[in-house]
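Look for chain A in each of the two complexes below; its partner is chain B in the first and chain C in the second.
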Partner chain A sequence: MIATHPSIKTNRKFKDQQYYKTDTDTYFLLPFRFHRLNEKREIIVNDCGDFLVVDRGMVEKIISKQIQPGDEIYPDLLANFFISEQPVPPLLNIMATKYRTKKSFLDHFTSLHIFVMSLRCEHTCHYCQVSRVSDNRTAYDMKRDHIDKGIGMMMRSPNPHVTMEFQGGEALLAFDNIKYAVEKAKEEAIKHDKQISFVICSNLALINEEILSYCKENDILLSTSIDGPAFIHNKNRHRLGNNSYELAVAGIRAAKQALGEDKVSALLTTSTLSLDYPQEIVDEYYKLGFRNIFLRPISPYGFAARNKERNFYSAGEFLEFYKKALHHVIAYNRIGEFYREDYTTIILKKILTPFPVGYVDLQSPAGMINNVIVFNYDGDIYASDEARMLAEMKDHTFRLGSLDTHSYEEIFYGEKARTFSDAWLNESLPGCADCAFQPFCGADPVFNYATQGDIYGHRPTSDFCHRNMEIIRYLFELMDNDKEVERIFRTWIKPNC
Partner chain B sequence: MKFSIKGPKIEVIVDAAIYNEDVVFKCFYWYSRDFIVDITKNKNEFMIILEPKTAGCDELLLKERVAKDLIDFRLRDTVSKETKTIRELIIAKAFAYYEDETIPEREISDPVGFNPQNISR
Partner chain C sequence: MQLNTRGIPYYINKPLVARVTRNQDIDEEGNILITGDSAIHYLPKFSALLTGLPIAQLIPDKPAVYNVLSLDHLQEGDIVAINTDGIIQTLYRPGSKQNFLLFTERCNSNCLMCSQPPKNKNDGDYFYNIYSQLIPLLPTDCEEIGITGGEPTLLGDLFFQLLDQLKNHLPDTEIHCLSNGRTFAWREMTEQIASLNYERLMFGIPVYSDHAASHDYIVQAKGAFNQTMQGLYNLAAIGQRLEIRVVLHKQTIPRLKKLAHYIYRNLPFASHVAFMGLENQGYTPHNIDKLWIDPDDYMNELTEAAEYLDQMGMNVSIYNSQLCVMPERLWRFNRKSISDWKNIYLEKCAGCRLLNDCGGLFASCSEQHSKAIKPFL
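Now for the complex of A and B:
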């Protein structure tokens, strides 16, 4: 919309600059937040995630209305919705559409449905949050009745495309039940006109031709774990024979061959031991043929919390590890190899594109319930994967109900969900509400509760806040200091990468 | 801002006419990692007592940081209050249901004489 001028006839001729000038020489501020990136630079960010990196002192000038229309920055401030020449910005609808787009992950509600097929596992990883070494299938495997009810609830999701993820323990120990679940879900999906993606999370120690053949027939993705070279992986992931690494690597190779490179992914869990070997871990992933790595800190839940010597490190220590590893990944790209870090990519997509990212651990509203739900092996329903890990510590705060006794409405819109919703928006959390990085970050009530004792959390002492604020600040600083890094980062966020 | 060291504690006096309650609380919230923070309001000023949780606090650096942070949070407060209505409008519009098409309010004219509104249907 263009401002009308009473003395000029409205027609479609090009107008001179005077036509667009407003009656007042000042401007009006639009909502934005700011952060000091370093001693020289600061950043302003609006609610839609538009940003400008400027010299120190510029923010004060903008806010105190010292910027003049002839200043170089003026058109950038106007174009990026930081200031307006009218009290109500003429492009308010555009701003609203951008905001809605950023929150469009809410449009279809829950997509990821985690089925914990068995708590049994033949590994005894020291950082494992949940698993049991047991032969007792009755006690620790999901019953078929619960599989049916879980699928029934999944079909109630308004989301036309749902993901059914099989987890454990070691999910492949209950492979018969996985097959049953896949067949049942496919039947129900036809009835309910839904698309389903299937994922099996496995350490791949038990993978064989029969399983791979079934995965290929049913387009099932495999997600596994690699913690780095053998000396780290086998130290973290114990099993009889001390050969977890060898089995995982053989499994990855067989799975890639049978299913295709893009059907197998691996996750890193950073233990205390890993902190000393960022380059070796990055090299290991590259050596195994992966062109991506997810630098993931340990979750302070379940059994992992009991082994503090091996699993406890500060956010500062993790950040040091992350930065060294990230630089090593960037170094591959500098010599022409495509190789990306996944957590960085998630944040970069939030920064450099107008779209949201479907990553449940970094969203506002939080991913719990809105994007993910967990059906545990015993039929209990939890708000997120981390919530069921807490349950293994006998803390059932985030138990939403049971497949046996609760309806869809009671689970997804019930009293517990409403209670958690008070703390799942970073827009309204103390500390987050004024943070410039809010559009790129998220809220995690389960992490707050597990580490700080309440679902709201305390930002000054929060590892989640410390870690994410520093990573986001660091990424902006890297892109600001080195345009080659920005160019590399932009290759990471291209579609289909 | 007055800054003084009282034994193991640091006392900060802030003029309430310059820094309002929101600014003071939001600013010193971030100090609650390293200090036990106590805020009281007297007539025209806030008194903030910072008690370090661990030894080894550099008072000069702290004074500089407090002064900077107070200014930053005052700036944030200015933006937040000035733009409150617009922010609410953006969010309300973002989640409202739209009409598919809006009709232009003004008549359209054209210098070459083509008037789209004269087209017979």
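Now for the complex of A and C:
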């Protein structure tokens, strides 16, 4: 509480520092968590994501109240809301605002609406979760009736800004339906006073002038896949003619030229083959004109899970790859080239800024339902993209219902959503609840279920936990050891980059 | 530059605020005529006369100040207040971008480096009377006006009445109000600001340390840090534009980098952060041992703090510093910030080729300044 009214001072004699120190012989601990970063250093983190990296042994001193007001760290602990000189911290309101701000990605609820336009694809990527090679449009394309109903449900989202993402299979095989959906969604968005962004996910093999000019007219973003140089990409992404890489690169060039550099993005899927070529992959993205790369591990779903030889690797192997690739990206920055890694950037935003970061695959509450919903080609509704991939393996655990039979309320607030909500907060998951990295991490009930058999998961053996804890730990260590890296990292999180 | 003069008052029964002119033939009514002409006669359109002449040579037919020591500093169109004791204060100069209104000399803090030491007298009614006369006279094309003190918000209701008057009379003028922000810890104060809905109003509020006890010591007021922080949050919640001000001296330098982090992590809504060199005025000479550090010795800390905030997307300025003392990488943050009437350059600056880009020094710092000052030849 703010104690006294700012009265006019009557005595203007200067007093010394001692007079302004709180007259107390102890301090009170505010909630925080801690973690050992390495042999020398440990970290303390509070719920708002404020953190201090300190020497080993400091946490014990703090907790056992051995810190003295004259110690260098004492004001740091006060200023960063780790201790308080009063039982109720005087700036409790400010802590509350900071916490609210960090979680305000929740304010508007679901934004990303994925429409699986077709399961059909002319690629047969060995890690693909979902696609079919087929000409049967009626069996594998989304029907217009379902498109209408999906748009209707999207318009029910409380979010004033929704994103409509077209996925496949290869979404462009159903380009007529995409056009239909865009026109319909634009009409409805006006009626419901919503802003709407469009994204088409495509391998770009089928891109042509007509599609590009339609994308330009409607400000549609293109998201594609590049797995690295041709020898990796074509090995991962099979296609008749073995020319996936050549078509994707040509597609990216054409799309960037037609739509602008910032309208085309690419995602990397890390296969077992990729693990040996971190530098080559980073260089490839740079060569293609990208100044960002998203180092993404393979999802443990779909064909990827069946094809273990080519796609199974441990979290440890991925981390080794990630670190090598990250160092190579950092090396570009050291010689003055802007180039960033996207996953790192997401985590850095959580660490280095006081702002909310809602990223569907790493947030708490989890992105499923709260931030993303999937309308499958057959009208079924899934809690996330991974959930429908699981469904392609005949596991319908995360099927929330159908566009034909379920209302908005039944989907978003129904029994299933409530069950999943038990496991979508890392604040309340065993292992996560005590973890220092909790504010920078997330929860993923679908991943837990797919890899460990239940939506809660078991942290000590979880790949999700292993991967994210090590990435976060590593980023802190890098910044602690090398201030130049910290400076480079700050350039990555600048707004509008 | 001179802003005050005095003479012998003649029938000045209450403070009188008006524009000055030397033009006897002006059409406008209500101005104050400056004259040295003993032969002037009945001039009903003027509200008062100012003259250097003794009363024996010019017997005024209206309120006047005679035997005025100097009148040369008064320009056509300047607005002055004539006080009952014969002091003539310049309140507004149309040609200047550094006009400010001192709302009160009272303050609830007592900063070690205050350049305008507060007084305990209740002067609210006096200043309200002056400024409520002044505001309607201000030219509506005026770009910016500062409000200073003391702590202006201590005027209470009168503070809001003056702001309301400014908003109505000068809708296009930027108003920059200095405040320690403490009174805004009370929601009623913030709600009154909110109900003004004054888009052109910006508050400049100092935060001197991320450590409450250190801030409280610098401003010599227990609990001030927590009040200022709560005040900033209350103001931010209503969307008020805010500037954070940090004075650079021996007490603020040791935690300057940590303060920068604190500002970004806790006050990211601030539209501007200003780092300001010390003015050797008011209390500062008295406390110089507690305050002085050669700016040359804090450039590393200042560089880290300014570049960090800049990198995080905040708007940073450095005031009251000299180019020759700053590393070149900080020049882009440098602003020529010292008001014209107290801005000087040293003798040795005469041959400097960057003089026009340099903010120079406070007049009060002619002796107390960095040893690193040297001209770029």
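Just a few scattered comments:
We take it that the second predicted complex is superposed on the first by the 474 of 497 C-alpha atoms of A that agree within 3 Å, B and C clash if a C-alpha of one lies under 4 Å from a C-alpha of the other, contacts with A are read in each partner's own complex, and residues count from 1 in each chain.
Keep this in mind: contacts are C-beta pairs under 8 Å (C-beta built on N, C-alpha and C of every residue); 3 or more make two chains touch, one makes a residue touch a chain.
Because the structure is a prediction, the values reported are computed rather than measured.
In the superposed pair of complexes, A:F355 makes contact with chain C only, with no contact to chain B.
Look at A:T491: by the touch rule set out above, it reaches chain C but stays clear of chain B.
Applying the stated contact rule after C-alpha superposition, one finds that A:I73 touches neither chain B nor chain C.
When the shared chain is aligned, chain B and chain C each come close enough to touch A:T97. Of the two partner chains, chain B is the only one touched by A:G431; chain C is not.
When both complexes are overlaid on chain A, the residue A:M393 reaches neither chain B nor chain C. With both structures placed on the common chain, the touch criterion links A:H458 to chain B but leaves chain C unconnected. Legend: residue contacts after superposition of the two complexes on their common chain; A:A230 is shown touching neither chain B nor chain C. Residue contacts after overlaying the shared chain place A:V88 against chain B, while chain C stays out of touching range. Counting contacts as defined above, chain A residues 4, 9-10, 12, 93, 97 meet chain B in one complex and chain C in the other. Residues 106-110, 112, 117-118, 120, 154, 182-183, 185-186, 210-214, 216-217, 220-224, 226-227, 229-230, 233, 237, 255, 258, 262, 264-266, 268, 287, 308, 311-313 of chain C are the ones that touch chain A when the two sit in their complex.
The touching residues of chain A, when paired with chain C in their complex, are 2-10, 12, 14-17, 19-22, 50, 75-76, 78-79, 90-91, 93-94, 97-98, 352-355, 487, 490-491, 494-495.
Chain contact summary for the complex, chain B toward chain A: residues 26, 29-33, 71-73, 75-76, 78-80, 82-83, 86-87, 89-91, 93-95, 106-111.
By the touch rule above, chain A contacts chain B in their complex via residues 4, 9-13, 28-34, 36, 47, 59-60, 63, 88-89, 92-93, 95-97, 99-100, 103, 430-431, 434, 458-461.
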